[in-house]
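First subunit A sits with subunit B, and in the next complex the same chain sits with subunit C.
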Partner chain A sequence: MKPILLQGHERSITQIKYNREGDLLFTVAKDTVANVWYSVNGERLGTYNGHTGAVWCVDCDWDTKNVLTGSADNSCRLWDCETGKQLAMLNTSSAVRTCGFDFSGNIIMFSTDKQMGYQCYLNYFDLRDPQQIEDNQPYLTVPCAESKITSAVWGPLGEFVIAGHENGEINQFSAKSGEILKKVKEHSKQINDIQTSVDLTMVITASKDCSSKLFDSTTLDHIKTFKTERPVNSAAISPIMDHVVMGGGQEAMEVTTTSTRIGKFEARFFHAAYEEEFGRVKGHFGPINCVAFHPDGKSYSSGGEDGYTRIHYFDPQYFDFELEA
Partner chain B sequence: MLIILYSSKPSWADQVEEEGDEGKQLANLLASTLPPSKETVKGNIKTITEYKIDEDGKKFKIIRTFKIETRKASKAVARRKNWKKFGNSEYDPPGPNVADTTVSDDVFMVFISSKEDLNAQDQEEDPMNKLKGQKIVSCRICKGDHWTTRCPYKDTLGPMQKELAEQLGLSTGDTTKSAGDEPEPATPAAGSKTGKYVPPSLRDGSTRRGESMQPNRRADDNATIRVTNLSEDTRETDLQELFRPFGSISRIYLAKDKNTGQSKGFAFISFHRREDAARAIAGVSGFGYDHLILNVEWAKPSNN
Partner chain C sequence: MNMHDTEDMPPDVDYDEDEPSFSDPEDFVDDIDDEELLGDLLREKPQEADGIDSVIVVDNVPQVGPERLEKLKNVIHKIFSKFGKITNEFYPEGPDGSTKGYIFLEYGAPTQALDAVKNADGYKLDKQHTFRVNVFTDFDKYMNICDEWETPEKQPFKDFGNMRHWMEDPDCRDQYSVIYESGERTAIFNNDPKDPIVAEERARWTETYVRWSPKGTYLATFHQRGIALWGGEKFKQIQRFSHQGVSLIDFSPCERYVVTFSPLMDTKEDPQAIIIWDILTGQKKRGFHCESSAHWPIFKWSHDGKFFARMTQDTLSIYETPSMGLLDKKSLKISGIKDFSWSPGDNIIAFWVPEDKDIPARVTLMQLPSRQEIRVRNLFNVVDCKLHWQRQGDYLCVKVDRTPKGTQGVVTNFEIFRMREKQVPVDVVEMKGDPESKNAFAWEPNGSKFAVLHGESPRINASFYHVKNNGKIELIKMFDKQQANSIFWSPQGQFMVLAGLRSMNGALAFVDTSDCTMMNIAEHYMASDVEWDPTGRYVVTSVSWWSHKVDNAYWLWTFQGRLLQKNNKDRFCQLLWRPRPPTLLPLDAIKAIKKDLKKYSKIFEQKDRLSQSKASKELVDKRRSMMEDYRRYREAALLQHQEQKAARLELRGGVDTDELDSNIDDWEEETIEFFINEEIIPLGE
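What follows is the complex of A and B.
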């Protein structure tokens, strides 16, 4: 396969996300802009300009109308997807680490870092009530005193948010009351990324403890574990195959002291049921910070510490490949 | 219906570079009157021809070819495809901007499975595989299948054997006598225990001069061919595929640019047998490969 290389960022990629149909790919990085690309040919549709700090997270609602970004400039911003205009800006007291639309696109959540004497908070806003945006007053705020949230996604039916914490815990925070519905601790270190399967029944975590785990989103039952020898920065579940892709590599601070050959900067493909690695794709010359599957499962993208995003369209061999049990 | 433009990496053969004096004169002449860029659509291939002059006054003609593909998509997606660009891309023309979208080199998914082991078994005709079973290298210390210096028992067994050898009266001084082809397991390295200096001419193996290296080298040179006029995109694996049908290959050297890693356009292929090499010359010389005509000939023996 010939990957399409997207060079829209000057610093390392922090998150990439497809919209629901997968025709658009959003990328954010430690520079201040958010980019949106046509995934089919890598053409850049536009940029969302306005942030003044590293952008940590991005999300797009189900009908691709609005885009949400959270940044280290202490703001979470809402954009019009088509024109790139800023619709709303929600100021916070510390950096915004994770953000997301619920499936209806009406409720947004974002979490802030434990920083500068401020606690980590998980905030919920209802976009149908303009007053909340205007007053910058969320309808629900959940403080997380113990360990900060490092990754979060909406669970099924918009009932709760599944959040991964710095200490390896996973919590379900109700979107109605804010209480913790379920709590598990399967990881020993920070959870870098959580992504859902296409039908939202499962979530996959990527942790600094060199493993990635599959959970049931409602019960948080631990289903599968995928082990590697490097910290995992991101993991995604294929929408059409029983496959899981993981991106990682050693920590960014150690990159300069290791060569790409032993740096293990490949994207690694595991069989979801057998927990066995079956393929690797090279390309990045830094650790992979984020991976995402196209919703049709025929391509995947990865964003790296090297600042590049690569869109890979799978060769026919990938679809023919069968792992022997 | 929507139109998607695919950029394809232009082959260097398409990129005409007018260099040298001629180009400079042309550039001076044409500096003010550059031909306008042309855009032609022929079937589903769109060609854009542009002219450019760089700082050195060299004139470039850049031809870019795009494949236009029509795909059916849902209404919502098709509508989004027609959105106007915004932000930093506001003034970009339709189609991917080469400044931020490029097609990178081919990468392959490396499959890891027991399947690979099966494939290896299939390739039993490969002479290298047969060699694997045989001992090519034998350790002097433990008789293992590795070089003596790499022996894991070097530090433990080695000195013990030396002591043993000394007790048997095989000190370093005597080794000159046994310097024949006797494969003494305990032949100590020169100047080891006794600390006495042994001139190289008296050391073990001084009589068999370079026996291990030279003949191989010769055979190698004899069955080496030089391939020129290769395309830039050629890889070692391509050469392997191309030349493997002629016989077993002992070595492939593809000259590559130090910085870009691209092929410099020539390669040396060493076969195990000279007949194979001869057949390869007869077979591949003049062969059209990657839109270039290959030139294959015997490699001239290297000076060193």
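What follows is the complex of A and C.
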């Protein structure tokens, strides 16, 4: 498959996300820029300008009306998707690491880093109450004293947020009370990414301990494990096949010690039930920081440390492929 | 010698009265004895001469009458005063007035007496009289030997089971040791082409690394206090050798002895830097000094373990076993000796000496134990020499770097000594092309070919030569522009791997030297080691954590270069194949098996196919059960999902978003034109 190359960032990509219908792909990077592209041909629709620091996270609501971004400039900003206009800016005391709209699109959550004497907090705002935005007063703030949150997603019905921590723990934080409903520790090192399946029943985690794990979103039961020899930066679940895709690499410092052959950094495909790797896609010039499946499962995208985002449409053989069983 | 007890000193008028008294309390009893306080001084206290220790007895002295006694005494004096001042002498006389034939001499100190014994014993005065000299005290000692024979305590026989157990594996799997988790874990695997099978795995089995004995019987592990040997089916501890701070070991080829080195333990009186141990009894046989361990092994063993030798400044010391004493009781003085090496097939040592004024440099082959020089080769304008023996000792190659007269550059020759031919003829191969500094040379085991890597990167060439019986050395083939810095022959010969290790990023070339073809070219990125199994069927390339901190793994290849396995091991450090003892089959039995090889191949192939299909069946079954479990989970999850549909609709204001095509009615059709290509076609004339 010949990938579509999106060149719109000058520094490494931090997160990419499709909207619910899949026609748009949002990419954010360390260069303070947030872009949105047509996924069908890679044409750029526009840019959301305003952040003054690296943008760590991005999310789009279910109706593709609003866009949420979080940045190292200590702000979480709300944008109008179509026009690019900044609708709200919520200032924080430290960098915003992860953010997201809930299932209804009415409530947003974001977490702030443990930095400069400030703790890690998980903040909830209700967008239906403009006072909260104006006063920059979340209706709920949950402190995380022990290990900071490194990645988080909403649960299936907006009742809780599933957060991955620096120490490998996964916690469910209630969106009403902020208490921890469930917790598990299956990973031994930092959780780099958490993504949900398209029906929100499962979540997949990507960890620095070189493995990726599949959990049930409600019970946090550990269902599957996918092992590699490199730290995993991001993982995603295919909407239509029993596949997962993982992207990773090594620490930026160690990059020069592994093969410097061009395009060697690979996205790896595992069979979700057999936990076996069945394919790899080369092409990135640096570690892959984020992967995402198109909601229709016919393509996937990856954003890398090299600043490129690549959209891959699968060949027909991909859908026919089966491991002997 | 008495010491005064401490007395109270008369008070000093100028002293402050408040000073504490330093005298012992009234009832203090001195409990330190003189030995503790002044032991070393007491030892040197002059002893009253009790005479016996400095007296020697000389036997076989001519029996002379009183008229010649004076002359005899003069002669004895002349001979024996060399060792010290003779303070006393006694010439016992027989009834007839002539001397009895033995005399007593006393020296000033016992050391002089010992000296006399050492040097005068065996002195031939004349044809009939050879002196026998002994210390007087020895007579006492030998006379007082207890008449009762006490049988030494019987050591219970420690049965370690079948020490060759691994050789009896019905599928002929070789074993190898793996150190991983940066040294925390050591495991022994049976090599199976599908997947390695664990034979034994232990945490902290060794503190640094491991070594196999040359025939594979023992596994040696290193510890702060010494080394331990393990073996048998369950790898029980066979023997322990206490050598504090041991850092290097070496086995004798026969596996009877092990040599350990520790930089810590050396003292002038008791050389402990290098110790040679008897493996079966665990006894320390002998200790040696050692200044530096730079060229380990310091002691080089002959192939049969009968001799071991070491080189020091201008000296070659050869020792024999089991006495551990110098051969012929003295070392060989070889002025300027630079390097030596035993033949792996016979008790012959090759050594070389550089140029000395008018005498050219030369390589000498010396037969042992006769010390006869069977071949000497003079070399001119030599810069350096390296000795390379062929595995069976059939050939010796001396790589000579020379600066020919009148030139500046360095040229390399290979002097090939044909050991099996009368008078050891020498043929010379000149290396053409660029002068090289570091390159590799390796003989084919079991064969008469050798391979050389020469040239500077990136233009490194691999040349293959065949030493033919007719006196010629033929260049079979040269491969140029190779990414290689090391040569690894299969232990059975014919096949080899050219590898570019470490800085050359792990380039591998598998070569069949019977027709010098490249069977396969591959790469194991950042490979640091290449190890052939003892049978020559498999090759392991590995990336050791000791040289590279990422991607630590070992890969298994067939001898043809087909990759079979990639085994990632967390912080993998070292893999060593377990050596095999030499085959017990006689030559004609081997010939018979080779003749019937087709018959055996059929049986083995059938076995392989059976095991492969069994493996795939196992895999298929495993997958099937995993899929069933997964399906069951998904069904339950989807059921729950369905139950939540109402809640979902409410959250999204009644819009059903469960499927992408849930709201087909809402879809708009839009036609978009994309610019694909522009083609300019000029309208013809």
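Assorted remarks:
Operating definition for what follows: the second predicted complex is superposed on the first by the 318 of 325 C-alpha atoms of A that agree within 3 Å, B and C clash if a C-alpha of one lies under 4 Å from a C-alpha of the other, contacts with A are read in each partner's own complex, and residues count from 1 in each chain.
The rule we apply is simple: a contact is a pair of C-beta atoms (placed from the backbone, for glycine too) under 8 Å apart; a residue touches a chain by one contact, two chains touch by 3 or more.
Note that this is a predicted model, so its numbers are computed, not measured.
With subunit A as the common reference, subunit B cannot sit beside subunit C without a clash. Touch criterion met: A:323 reaches subunit B and subunit C at once. Put subunit B and subunit C next to each other and count what each touches on subunit A; the higher total goes to B.
By the document's definition of touching, both partners, subunit B and subunit C, reach A:21. Within the superposed three-chain model, A:4 lies in touch with subunit B and out of touch with subunit C [touch as defined at top]. Of the two partner chains, subunit B is the only one touched by A:48; subunit C is not.
Look at A:223: by the touch rule set out above, it reaches subunit C but stays clear of subunit B. In this superposition on chain A, the options for subunit C are 382-390, 454-462 or 616-624, and subunit B clashes with just 382-390. Overlap of the subunit B and subunit C interfaces on subunit A: residues 21, 41, 63, 323-324. The touching residues of subunit A, counted against subunit C in their complex, run 20-22, 41, 62-63, 103-105, 156-158, 199-202, 216, 218, 223-224, 229, 242, 250, 254, 257-259, 272-275, 295-296, 323-325. Listing the residues of subunit A that touch subunit B in their complex gives 1-8, 21, 23-24, 33, 37-38, 40-49, 63-64, 82-84, 266, 269, 277-283, 310, 312, 314-315, 317-318, 321, 323-324. Those residues of subunit B that touch subunit A in the shared complex are 4-7, 71, 73-74, 76-77, 80-81, 83-90, 92, 95-97, 99-115.
Only residues 505, 525-526, 548-551, 553, 568, 616, 619-620, 623-624, 626-627, 629-631, 633, 637-638, 640-641, 644, 647-648, 651-652, 657-658, 660, 674 of subunit C touch subunit A when the two sit together in their complex.
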